[in-house]
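You will see chain A twice below: alongside chain B first, and alongside chain C after that.
Moving on to the complex of A and B:
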């Protein structure tokens, strides 16, 4: 059963960079779209609220696969314009998950206590400073755990790219399946699932690290900042 | 190439037949996920050594990996080990198993939200274990988790199309088939998207109303 394990791992690894590029690119663009859509839904301008809300409901309501096929197959037929597959893939992943992320950002910003906003107003901070220095740093701590789940969803969604012939790891596994005996097919998919597991654990580890940093910036941590710990040591001495 | 209304209307009946399959898969997958998720949640809570850790490890593993790969594994690889399932059955099993990993977390939160006093009162009354669960805890836990379960039904509905990889003839498969026959994919594929929106958007509004009634967990 494991005779070809080395071969299987090395073949699957050939697709790993594509999966990682799609996931990382998708995550980066998702963050941008989430912030734009989330803040848009909280905007005082009705038109911006309307546009953001429509974007969010549209991309949450239509299936991701339909969106993927639409960009890959329908858009070129309509416009005669074919986007580079990997770029189109990143775009679809981000448009879809950005809609979910928009709700996360909106919820997190709204969860910041109103007194924080009023305090910033009383200090006559500009609206930009209110958002960037007071509200968002606090909202960020609330956002990170749901974003962790969202990014893992996005990673799992990169497997859909195999359906539009992007040679990521699931596509390679499917093409290996046809060439291998039954017992080794199981090995192929076991290795494939483990690869996704490791990638999702990496995402979780990264997000936990960000959570600790974001919480520490707000002083919500048990670890004493360095300058204080030196003070404590001097006092103890 | 422009939008052809006649062709769009022509393709609608076939798409609606595909949609029936999508809805059937969602219904059966949800029922399996509800039942299996409860089993997972109870086994993990039971703290039976080894078994409850195994279930925990499986849930964490299974929900970190793609449903598409799991469906392919169940449909294409299991027959080699003597387990042959039809595309729809394999699809329902894949959906049910994947979403059971999510629903088990939902049940767990719901059970944790039952106040301690309820457990203590049940213990004071010396109720048998089965009645503690069936008569006291679950009747309070389950209504609270209905909106969260509803949200998972909606996301499952939108994930059914990936079963096209194992040959389930659901709505996107039908759209692709129509596209292959006529070389016009735009209309059926767009209509498929509209059908998803027409069902999932009202459904999500309904779940939000439920959330307001019973509170978010």
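Moving on to the complex of A and C:
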């Protein structure tokens, strides 16, 4: 069963960089789109709210695979313009997950107590400073755990790229399957599972680190989450 | 300095303030008392442009408050507000809370704003807490930082909205002593909503008794607390003072 383990790992590793590039690129663009869409949905300008809401509903409400096929097959047929496969893959991953991320950003911003907004308003801070200096840094702490889930989901979605011949790890695993006996196929998919698991654990570790940093900026520690803040104040007093 | 002229404020069908007219002179200390829901806090929120009037006009230093954001910001620069729940920014240290608005709104350099922050923290007795996060401070300490933050903008008017209501009883005296000190050593116009009648008596030049969105009595504290004219004021003071 493990006779060709070295070969299998070596072959799958050839697609690892593509998977990582697609995931990292997708995550980076997802963050940007999430912030734009989330803040757009909270904009006082009705047109911006409408555009943001339309984007979120469209990309959240349609199939990721169909979106992928559209960018790869339908769009070039309509426009005559073919995007580089990996760039198109990153774009689709980000457009889809950015729609979910937009709702995370909107919810997190709205979860910041109104008193904070009024405190900033009472100091005459501009609307830009209120958002960037006061509200978003506090909302960030609430955004990170759901973003962790979203990024792991995005990582797993990179496997869909095998359907449009992007040579990431699932595509290579499927190629190997055809050339190997059934017993070895088990090894291929076991290694594949482990690779996704390791990558998702890396994402989680990175996000937990960010969570700790963001919480520390609010003066919170793991031992003193918001629910225990009253107890902490009494101790400080 | 502050003029309310025929001000009405409604939230839906609920009338919170009704045909309210009064003036507050520069450097005057006015305390607003009355039962909960009588419209006291709404007056402070209208002055800070956190809400807008339904009818009537409010002028601060000759400038009428309208819904216009640019004008509201100009007026807010002259006014500081201290909230019941402190409203300090938890993502900043005490220093950050104190220098944020002076640098971004008044255009002070970081060094200038920092010097002002240190001076104010000396005033409120919390200099050693300058690099702490608000969550590490007691309620009384947080409220003193909030007072320092409001003063960092060098306001002409200071609005105090039940600033001791959220504090443990033993922390109240320190905050009130600080406010008395500020009242005695500055010429800031102060409007204060409080249930601390002893403080209102010592601190105020005038006390306004509110009920049902109207001022029912407006008098110097020595008269209002010893010989209130209105039966409703007598009833309220009896209930609050327990006599």
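Simple rule for what comes next: the second predicted complex is superposed on the first by the 221 of 237 C-alpha atoms of A that agree within 3 Å, B and C clash if a C-alpha of one lies under 4 Å from a C-alpha of the other, contacts with A are read in each partner's own complex, and residues count from 1 in each chain.
The definition used in the following text is that a contact is a pair of C-beta atoms (placed from the backbone, for glycine too) under 8 Å apart; a residue touches a chain by one contact, two chains touch by 3 or more.
Bear in mind the structure is a predicted one, so any value in this text is a computation, not a measurement.
Visitor: Is A:69 touching the first partner chain B, the second partner chain C, both, or neither of them?
Guide: first
Visitor: Quick check on the superposed pair: does A:173 touch chain B, chain C, both, or neither? Answer first, second, both or neither.
Guide: The first partner, chain B, only.
Visitor: Which partner, chain B or chain C, is in contact with more residues of chain A?
Guide: Of chain B and chain C, more residues of chain A lie in contact with B.
Visitor: Give one of first, second, both or neither to describe whether A:116 is in contact with chain B, with chain C, with both, or with none.
Guide: Touch partner of A:116: chain C, not chain B.
Visitor: A:183 contacts which: chain B (first), chain C (second), both, neither?
Guide: A:183 contacts chain B only, not chain C.
Visitor: Determine, under the contact definition given at the top, whether A:124 touches first (chain B), second (chain C), both, or neither.
Guide: second
Visitor: If you stack the two complexes on chain A, which partner ends up touching A:192: first (chain B), second (chain C), both, or neither?
Guide: So A:192 only meets chain B here.
Visitor: Which chain A residues are contacted by chain C in one complex and by chain B in the other?
Guide: No residue of chain A touches both chain B and chain C.
Visitor: Which bits of chain A are touching chain B when the two form their complex?
Guide: 57-58, 60-67, 69-70, 73-74, 77-78, 152, 156-160, 162-163, 170, 173-174, 177, 182-183, 185-186, 189, 192-193, 196-197, 200-201
Visitor: In their shared complex, at which residues does chain C touch chain A?
Guide: Those residues of chain C that touch chain A are 48-50, 69, 73, 76-77, 79-81, 83, 85, 87-91, 100-101, 104-105, 132-142, 149-150, 153, 168, 171.
Visitor: Residue numbers of chain A touching chain C in their complex, please.
Guide: 115-116, 118-127, 129, 133-134, 137-138, 217-220, 224, 229, 232-234, 236-237
Visitor: Can you check the complex and tell me which residues of chain B touch chain A?
Guide: It is residues 1, 61, 64-70, 72-73, 76-77, 80-81, 158-162, 164-165, 172, 175-176, 179, 184-186, 189-190, 192-194, 196-197, 200-201, 204 of chain B that touch chain A.
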